[in-house]
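Lettered A, B and C in written order, each chain numbered from 1.
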Amino acid sequence: MSEIDSILPLELDGIGFGVHGRPLLSGIGLRLESGSRTVVLGPNGAGKSLLLRICHGLLPPTEGSLRWGGAGRPLPDPLVRRRQAMVFQRPVLLRRSALANIRYVLGLIGLPRRRRQVVAMAALARFGLADLAGRPARVLSGGEQQRLALARAWVVEPDVLFLDEPTSALDPASTLAVEMAIHEFHAAGAKIVMTTHDLGQARRLADEVVFLSRGRLVEVSAASHFFKGPASPQARAFLAGELAC
Amino acid sequence: MLDLTAALSTAAALVIELDPQMLDIVRLSVLVSGSAVLLAALIGLPLGAVLALAVFPGRGLLVVMINACMGLPPVVVGLAIYLLLSRAGPLGQFGLLFTPSAMVVAQTVLVLPIVAALSRQVVADLWDEYGEQLRSLGAGKFSVVATLLWDGRFSLLTAVLAGFGRASAEVGAVMIVGGNISGVTRTMTTAIALETSKGDLPLALGLGIVLIGLVTAVNAVVFLVGQSARRRMG
Amino acid sequence: MLKRSLVLALALLLWSLALPAAPPACADDRFITLASTTSTDQSGLFGFLLPAFQRDSGIAVRVVAVGTGQALKLGERGDADVLLVHDRAGEDKFVAEGFGIDRRDVMYNDFVVVGPSNDPAGIKGSGSAGEAFRRIAAARAAFASRGDDSGTNRAELRLWQAIGVEVRAGGAGWYRELGSGMGETLNTAAGMNAYAMTDRGTWASFKNRQSLVILLEGDKALFNPYGSILVNPARHPGVKAADALIWHRWLTGPRGQAAIAGFKIAGEQLFFPDAK
């Protein structure tokens, strides 16, 4: 695989997703550039998680197209997959130690066996989990598990990190720890694409806001503009806490 | 009542005296059923996993058939394997009939559906839980099968134990394909059948108690190993 | 991890296949497969006879003991090398159809009629098997039949036929066809206080008699001859014809015949050699 700088930008064109003829997303056109932190906001059922999964390639869209890497020859699929990672609301960890969970991913990406221990321990240390290396991953606390999921994503060195409501199940202290971890990714040059319910978190983290409502892309703007005064009525209602769906 | 007391004391005597003939029979039972379970696990665990994960036309039908085969009558399986291995049958030239190998084959056929059906269910449930994450990590097909089988190892162990229980309990299949030849293909269950037909009920019951004790011991060991592993690995 | 588990799996597979290939003792031992009947096996005769043969010839005999019908079937399919059964009609048919060669008389024993000690049909002292069966049918007393197409069963059915009683029509509630071996049938007869016809050998070593006793014996009609037949190697090339012939000759020769006569349970001889 030829080494390229980044798989970004990601361009979505007319993306739609329907189930049994019922559209859950429609007409999404979006361009995600490298470097910034994009937060996807919207009321429940707006399609935020769905959009993330389509971008990450977990679900194929029923309409429209996705394109990685911008103009020029399309990038090979294995490369595109390899350079992304996703963290889910509830972390899915294997029934093995924390360290073994990281080593598992290192095995998947083909890192030589003798290097895995060192790389895995370094990742654990970066996210404050070095002491828990030998602990079964499933007995860790929610916050520790989420940080482990992030450490696991870290070793992949992704160009894009998708996060689907990563802290909604966590207490404030763990939430803070996870947000600091996200900073690490961003500082290392990864694009962050995140959904959240927590407006405070959105304010803290977002450079750019993508606002969805009822499966449609209603507004995309810089975070400062969005939180001061969004252009669309739905976004205004949402920020005012009025919009239920 | 008298029979039960006689049976218990016969069982005790058998165990204490370590009668060599009985030891042979016990050893053969363990070898045959153990080997059958091992083979069935080697084939059935991945087979169940593939059935859980792969999508292809006719999958539903295959799943129904495998589930139904969990209830295959042992004596029917024995008869079918006999016809296959008989000198007059298609595989006769291997000379496997009336040997422990034939018994292993027959019991593997009996146990395989159980292991495959239960493995399929375990892996399907795990895939519901792990699927998105594993796909996000880019795990390839073989890796997914191996990962899910290993992660579900405690539940799958129960499936394998169910298979072992079925194998060590059956008599119909091993009787037909093994021939219950003294010193060669006589297992605990066929010995019990023989002693019953000779009217020696205390001995038959005694052997039965030894067999149950053996299977219980196997289950106990596996349980303890599982418990300690679970404590270590969550 | 995947590679290691694959290697482990392969190793386990090979181990499990190699393991029960042959009886653990000595895989080079010569042996033949003898199809015989459960009644012969359960009498204990083989436990006495086979070690003597093995000492003389160095050949082990593996006995598959099933009903006569199944034993003949094993012979037809070439799954046994030689037969020792007790159903003359079946044996002759077996040879006539080309499945067997060189049928020889070996020995005989006899059948006895057993029943509950209070003898509800009053067959004790009836003098002949035919008369005893007639009394059982007349009294509609419970009778347990093997019903399994064995040599014993065929002999029993011939006796009913000889006195003109149609027992297999069903609906004759006193006649119970069990589809079982001799021992199981006796177990059931003991449990339901029924009459039954059994070979003396099985009876002698049967331990669950409860209230059953011998009520009739000695009638010539209860005579039970055994024949040894070689499975025809022309039909099944895999048959161990040479070693089977050694057994066949030994059994019908002076040493085998003497061994048969020497087999006793509680001082009583069970089988009477009559090779010609």
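To be clear about the criterion, a residue touches a chain if its C-beta (ideal position, glycine included) is under 8 Å from a C-beta of that chain, and two chains touch if they have at least 3 such contacts.
Predicted model, so just to flag it, every value in this text is computed and none were measured.
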By mean Cα position, the chain sitting nearest the middle = B
Please identify which chain has its centre, taken as the mean of its CA atoms, farthest from the centre of chain B.
-> A
Per the C-alpha centroid definition, the whole-Å distance linking chain B and chain C comes out as 31
Chain A and chain C: spacing of chain centres that average the CA atoms, whole Å | 77
Just how far, in Å, is the C-alpha centre of chain B from the one of chain A?
-> 46
Residue list for chain A, restricted to those that touch at least two other chains = 104
Send over the residues of chain B in touch with two or more other chains.
-> 143, 150
Of all residues in chain C, the ones touching two or more other chains | 1-2
In their complex, what parts of chain C are in touch with chain B?
-> 1-2, 5, 9, 12-13, 15-17, 19-23, 33, 38, 42, 46-47, 62-66, 76-79, 180-184, 186-187, 190, 202, 205-209, 236, 238-239
Given the complex, residues on chain B that touch chain A span 129-130, 132-140, 143, 147, 150-151, 153, 232-234
In the complex, chain A residues that touch chain B = 53, 56, 58, 81-82, 84-86, 88, 92, 94-97, 104-105, 108-109, 135-139, 152, 156
Interface residues, chain B side, partner chain C - complex = 28, 31-32, 35, 38-39, 42, 86-89, 92-93, 95, 97-101, 103-104, 142-143, 146, 150, 179-184, 194, 196-201
